[in-house]
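Some structures to go through are shown next.
In the two assemblies presented below, chain A is common to both, partnered first by chain B and then by chain C.
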Partner chain A sequence: MEVHITESEGTMTARLVGRLDTPASSEVIREVQPLLDHAGETLVLDCSDLTYISSSGLRIFLTLRKAAAAAGGHVVVEGLSSEIRQVFMMTGFLQLFEIR
Partner chain B sequence: MLNRKRKHLKYAFQAIATVIVALATLEATFLIQYFFSRNTLYEEATRQAEEELEATNLHITDVLDQVETAVRNNVWPVRKTLAVPDSLWPLTRRIVECNPSVYGAAIALKEDYFPDKGRLFATYAYRSGDQIDTIHMGKASYGYPGKEWFIKPLEQNGGYWSEPYYDSGGGELLMTTYSIPVTDSDGNMAAVLTSDISLDWLTDMVGDVEGYPSAFSVLVSRTGQLMVCPAPAFVMRATVQEVAATLEDSTTVRDISLAMLAGERGSRQVMYDGEKQYVFYAPIDRAGWSMAIVVPHKEIYGDVKRVGFLVILLQVFGILLMSYILYVALRNQLRFREVSENKSRIDSELRVARNIQMSMLPTSFLTTPEHTEIDMSGVIVPAREVGGDLYDFYVRDGKLYFCIGDVSGKGVPASLVMSVTRSLFRSVSAHEKSPQRIVTSMNDSMADMNENNMFVTFFLGVLNLGNGHLWFCNAGHNPPVRTGPGTAALLDVVPNLPLGIVPGLQFQEQEIDLTCGEGLFLYTDGLTEAEDMDKVLFGEKQMLDNLLQSGAESADLQVKSMLSSVMAHVRGTDPNDDLTMLSIRFMNASPLAGLDRHLSLRNDINDIPRLHEYMQGISEEADLDHPFAMSLNLALEEAVSNVMLYAYPAGTEGQVDIDTHIREDHIEFSVSDSGVPFDPTAKVDPNLELDVEERPVGGLGIYLVKRIMDSVSYARKDGKNILTMIKKR
Partner chain C sequence: MADKYKLDPHSAAILEEYRQQRPVFEKMQETLPAQVRALFEEAGIVVASIESRIKEEASLAGKLELKGAKYASLEDITDVFGMRIITFYTDDVDKVASGVERLFEVDWENSVDKRKLLEVDSFGYLSLHYICRAPDFPYRFEVQMRTILQHAWANMNHDTGYKTGVEVPVEYLRNMNRLAGMLELVDEQFSRIRTEINDYRRQVQSLVASGRLEEVPLDGDSYRSFLNLAPFDTLNRRIASVNQAEIQEVSLMPFLAVFKGIGFKTLGDLADLIRDYSDAAYQIACYQIALTDLDILASSVAPQNLCLAYLLKQGAGRAGIRQMLDTLHGASESNDVMAGIILEQAKDFSFMHAKS
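Right after this comes the complex of A and B.
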C-alpha cells in the first residue's frame, strides 16, 4: 500500500495505491497526517488505483471527513472502482463524501 | 523474372543453333551434290563431244575410203588403156558415172608421154547438171604438171588428198581431190588418176551436237583452212590462225589451233563470244584434218544451275518453315513451362498455407494427466489445399473453451476468414466467460469488416471441468450430438444467425449439465453432406447410428470410426466440402462434491495478507468472478480481524481458524477462535443516517459482514467462538 501526497494552491491530494486492508490502515493513518493538518482546505482522495478497502480503511476516510468538517474544509473522493463504490454504498459513505 | 528471361534466351539460342546445324547440313549435302552433278555433267559433255568427234571422223573416213577405193580400182584399167590414148576419154567418163560421190575425175599423163598428142595430155570428166561432160585439160595455160594434186602423188608414189578448195569452174562448191599415180606395164610412172569430191556434205554432217543447241563445230584442213565454221564468210577464205588473232582469247585459240594442226586430241576452256566455252578437238586422220566442237559452259551446266537454284529456293522455304515451326513449338513450350511453374509455385504455396493453417489448430487433445476430466479428439479434412473449417479449444480457470466453425465457401478466401475467426475466438474468450457475450462480440467484429459477405456458422461452448456444466451458444451451426453410453441425439439448440451477417445481433445462450461419460460430438456439414458417387448424402441418421455404436468409446475412437465410415461412403469421389469433427467427453467422476479449504492464522493483523492469498486461491479454484470474490474477501477479513483485535486479551497469543466450503449453490465460511466468548452478531447495526460529526468511526466491520453474506450465525462450542457465514452463488 502506498500513499502519494501532493499539494497545490489550497488543495491536498492523496493518491492511494493498492489494498487498504486492516494492517495497511494502521500505517496509512500516519501517512495522511499532512491532510489532517490541512483539514481546512480541500482534501482530495484519489482512489483510481485503490483495489480493496476494509472497514479499517473506511475509518481513515471518515476520520479525514470529520476533521474537514471541524476545520471548515471538505473532502473529495475520486476514481472509485465499482467494487469499492459498492462498499461505500453499503456503509452510507456515498452520502458523506463528495464523490467525483 | 531475370531467371526466366535467361531461360528464354537459352531456348532461343538452342533453337537458332538447331536451325544453323540443319542449314549447314543441308548446304553441305547440296554442295556435294552440286559439285558431283557438275562433274557428271562435264563428263557427260566430254563424252558427247568425243562421241561426236569420233562419229564425224568415222563418217568422213568412210566417205574418203569409198573415194579412194573407187580411184584405186581404176588404176589397172587406166594402165591397160595407156596403149590407146583416146580410150582414156570414155574411161574417165565411166569413173564419174560409176561413183555417185565423185564429182569429177581426171587422167593426167606425164609430159610428152604421148608424143603424137602433144606435150601435155589430160582427160577430165565432170558432172554438169544431170549430164557428164568431158574436156581436155592439157592447155598450157593451166599447166597441170605444176599442180599439187599432180606432183604430190608422183613424189610420194601413193595416194594424196589435196587441200580443200573452191571449184571455180563449176560453181561455188567446196571440193577436194584424191590423186594416185599410175605406172605403165614397164613400171614407169605414166600418169596421175584423180577424183574430185564435193565437201558440201561436211557442213551438214559436222555441226549439231545433241543436247547442246548452241554448240558448234569447226573443221580445219591440215594447213588450217576453215572448212566448216559458224561464219560462212570465213570458209575457205581464212585459216584458223588468222581467225584466232581476231578473237578475244586469241592466245588460247592459237594454242588450240596449233594443237589441232599437230594432229593432237584434247579439250580446253576458252572465252568466246563473251562467255566461257569448252573446246573438244580431235584429228580426222585419213584427211589430215582436225575437228573441234565448241560447247558453251552454260549449256553444260545450265541444268545444274537451274536445279541448284530450285534446290536453294526449296531450302530457303524449308528453313523458314522449320524456323517458324520451331518458334511456335518453343513459344508453346515456354508458355507451358511458365504455366506449370506458376502452378507448382501456387501448389507449394497452398501446401505451406495448409501447414500454417493446420498449425493454428490444436492437435494435442489435452491428453496430459492434469486433464483427466476431459477426453477429446478431432480432425479436419480440407476439400482443397486450404479450407474454411476450424475448431479450437483451450482450458482457462478450470473451464474448457471450445468452438467449431464453417466459413462459407472454400479455398484461400475461406481459409483467411477462418484464421480471423479463430484469432477472434482466442482474443475475445481470453477475458470473457459467457459464450453469449463471446459470440456477440465476435459477431460484431466480423460483421463490421465483412465486405465480401462471407459468414461463419459457429458453435461455442464453455465446459466447467469441475462439474460438467456446459454453457453454449450457437451461431447458425449444425446442432452438435450429445453423446453418452448408448445414447446419441442432436442437441436442442437455438439456431441464431451465423457470424458476420447482422452487426449488433443478440445471441441466445443455453446451458446443460454433462455427467461423467457424456459428451458432445461437433461436426461441420462436410460430414452430413458428404456425397457418394450417386450424390447420396452421408446424412444425420448414419452419423447418429455411428455415434450410438461408439458412444461409450474414447473420443479418438469415435472420430476414427466416423471418419472411416464417411471415407467408405465417399470412395471414388472428390471431396466437395471441408470435413471437420471434434468429440469432447466429460470424464470427471466427482464433480464439485465440494471444495474445502482450511487456514490458520495468528491473532496478529499482520497475518491478514495470508488471508488474501488464501481467498485468491479459492476464487481461482472455484472460478469466482472478481467483484464477488472481493466482497467475500472483505466479509472474511472483517470477521477475522474482529477476532484478532478482540477475542484474545492484549499480549496473549491466539489462533484463528478459517474453513471454507464451496458447494455448487453456496459458499460457507466458518471462523473460529479459543478466545473469550463474544457474539459479534449481537452488535447493533450502525445508524447510517447520522451526520458526519455524529457518526462513530468504528463499528462498520461486522455490519459489512452482515450486509455481504446471506446468513451470519454465531455459536459457542467446545470453548470456541464459531462464526458461520453463508453466501449463495
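Right after this comes the complex of A and C.
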C-alpha cells in the first residue's frame, strides 16, 4: 500500500495505491498525517488506484472527515472504481463524502 | 476653526465642546452597539443590521447654524451619536424596542413613535425613535428602529436631497407616499407569511407527535419533524447487527428529494414504506455485507435500502434506480453502473420472487 501526498493551493491530495486492508491501515493513518495537519483545507482522497478497502480503511476516511468538519475543511473522494463504490454504497458511505 | 461655519459665539462654543468630547462619542460607538448585539444574541432576536454613526462636524455646524439658539449646550443635542436597528419584520420592531428599553434609560418625553403619528389617510415614514441614556455616558443618543423596507424607503427619500416636506414638489411627494403605502402592505404580508409558516410548523409537529402521519404532507418541515422520531433507527440497528457494526450518523435530509421523486406525498406514505419494505431492505443489506468484514455503516443505509427495495419491487428498473442515485449523489455514469450491479444482485433477493 502506498500513499502519495501532494499539495497545491488550498488542497491536500492523498493518492492511495493498492489494498487498504487492516494491516495496511495503521501505516496509512500515519502517512495521511499531513492531511490531518491541514484539515481546514480541501482534502482530496484520490482512489483511482485503490483496489480494496476494509472497515479499517473506511475508518481512516471517517477520521479525515471528522477532522475536516471540526476545522472547517471538507473531504472529496475521487476516482472510485465500481468495486470500491459498491463498498461505499452498501455501507452508506456515499452519503458521508463529496464524491467526484 | 469655527469661523468657516459662520456660527454665533454660543453655537461656536457648542461646536468646540463637540470637538473636545468626540472621544466620548467614539467610546459610545464602540460600546453601545456591542451591548445591543449581545442582548439580541442572548434573547434570540434576529435583526437585519445594527448601524451606528457619530454626527459629522459639518452636519452639526449646519444644525447649529439653523437653530443653535434652541440648544443650551451639547447635552441638548440628542443625535450626535445615533444607532439604527433594522429588522426584517414589522412585528420585530416592538421586540427590538423592548430590548432597547431594557438596556438603556429611555427619555419618553422626547421619543417618538412615528408609526402612530401618521394620519389615517396618509402614508410615509414609519419608524420608532427613542432618545436614550446609557450608564457611564453623559450624553443622550438616538436609537431608530425600523424594518428593512421602511429603511429602504427612508434612504431613497433622503437621497433626493429634500429634508423637509415643505420644499418637496407635490407630484414627487405623492409618488413617494404611494410607495410608502405599498411597502407598508408588503411589510404586513411578510409578517403574515411568517406567522402562517410558524403556525403550519406547530400544526405539523402536533400531527407528527399524535401519529396522524397520513394527514401530514411531505415537505422539508414535516420530514424534519418525522426524522426527530428516528423512524429508520430500528432498521439501521437490525442491519448493523448482521456484522455487529457501529453506526455513523449522517444527515438523512437528502432522502427527502428521493422520496418525493418516487411519488410519496405524505409522512403516512413513509411510515407505510418502513412497515412494508423493512424486511426487503434488510435482505439487501444481508446479501451485500454479511460475507464481508464491514463493521461500520452510515445511518443512510436504512432509507437507501428501503428505496431500493421499493423501486425493485415496483419494477422501476435500471432507469429508476439510476434516477434515485443521481438524486442522492449527483448525476453520473457511475450511478448507471451501480444501478446495473444492483439489478443483477436483485435476481438473488428472495423478496423479488415472493408473491405479493
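Everything below uses one rule, namely that the second predicted complex is superposed on the first by the 100 of 100 C-alpha atoms of A that agree within 3 Å, B and C clash if a C-alpha of one lies under 4 Å from a C-alpha of the other, contacts with A are read in each partner's own complex, and residues count from 1 in each chain.
The working rule: a contact is a pair of C-beta atoms (placed from the backbone, for glycine too) under 8 Å apart; a residue touches a chain by one contact, two chains touch by 3 or more.
Computed from a prediction, not measured in an experiment: that's the story for all the values here.
Enquirer: Since both structures carry chain A, what do chain B and chain C do when superposed there: clash or fit?
Expert: clash
Enquirer: Contact-wise, after the overlay, does A:S82 reach chain B, chain C, both or neither (first, second, both, neither)?
Expert: both
Enquirer: Between chain B (first) and chain C (second), which does A:I99 come into contact with in this model arrangement: first, second, both, or neither?
Expert: second
Enquirer: Tell me which partner touches more residues of chain A in the superposed arrangement, chain B or chain C.
Expert: After superposing on chain A, more of chain A is contacted by B.
Enquirer: Regarding the shared-chain residue A:T91, is it in contact with chain B (first), chain C (second), both, or neither?
Expert: In the superposition, A:T91 touches chain B and chain C alike.
Enquirer: After superposition on the shared chain, which partner residues are touched by A:A69: those of chain B (first), chain C (second), both, or neither?
Expert: After superposition on chain A, A:A69 lies in contact with chain B alone.
Enquirer: Between chain B (first) and chain C (second), which does A:S48 come into contact with in this model arrangement: first, second, both, or neither?
Expert: Once the two structures are laid over each other on A, A:S48 reaches no partner at all.
Enquirer: On the A-aligned overlay, A:P23 touches which partner chain: chain B = first, chain C = second, or both, or neither?
Expert: So A:P23 only meets chain B here.
Enquirer: Look at A:R59 in the shared chain and tell me whether it touches chain B only, chain C only, both, or neither; answer first, second, both or neither.
Expert: A:R59: touches chain B and chain C.
Enquirer: Would you find which stretch of chain C runs into chain B in the superposed arrangement, from 38-46, 236-244, 308-316 or 326-334?
Expert: For chain C, the clashing option is 236-244.
Enquirer: Across the two complexes, what residues of chain A are contacted by chain B and by chain C?
Expert: Common to the two interfaces on chain A: residues 22, 54-55, 58-59, 62, 82, 86-87, 90-92, 95-96.
Enquirer: In their shared complex, at which residues does chain C touch chain A?
Expert: The touching residues are 248, 250-251, 254, 285, 288-289, 292-301, 304, 328-330, 334, 337-338, 341.
Enquirer: Touching chain B in the complex: which residues of chain A?
Expert: Touch residues, chain A against chain B: 19, 21-23, 26, 52-56, 58-59, 62-63, 65-66, 69-70, 82-83, 86-87, 90-92, 95-96.
Enquirer: Under the touch definition given earlier, write down the residues of chain B that touch chain A in their complex.
Expert: Of all residues in chain B, those touching chain A are 605-606, 608-609, 612, 626-627, 630-631, 633-634, 637-638, 641, 644, 688-689, 692-693, 695, 697-698, 700-701, 703-704, 707-708.
Enquirer: Could you please specify the touching residues of chain A with respect to chain C in the complex?
Expert: 22, 54-55, 58-59, 62, 80, 82, 85-87, 89-96, 99
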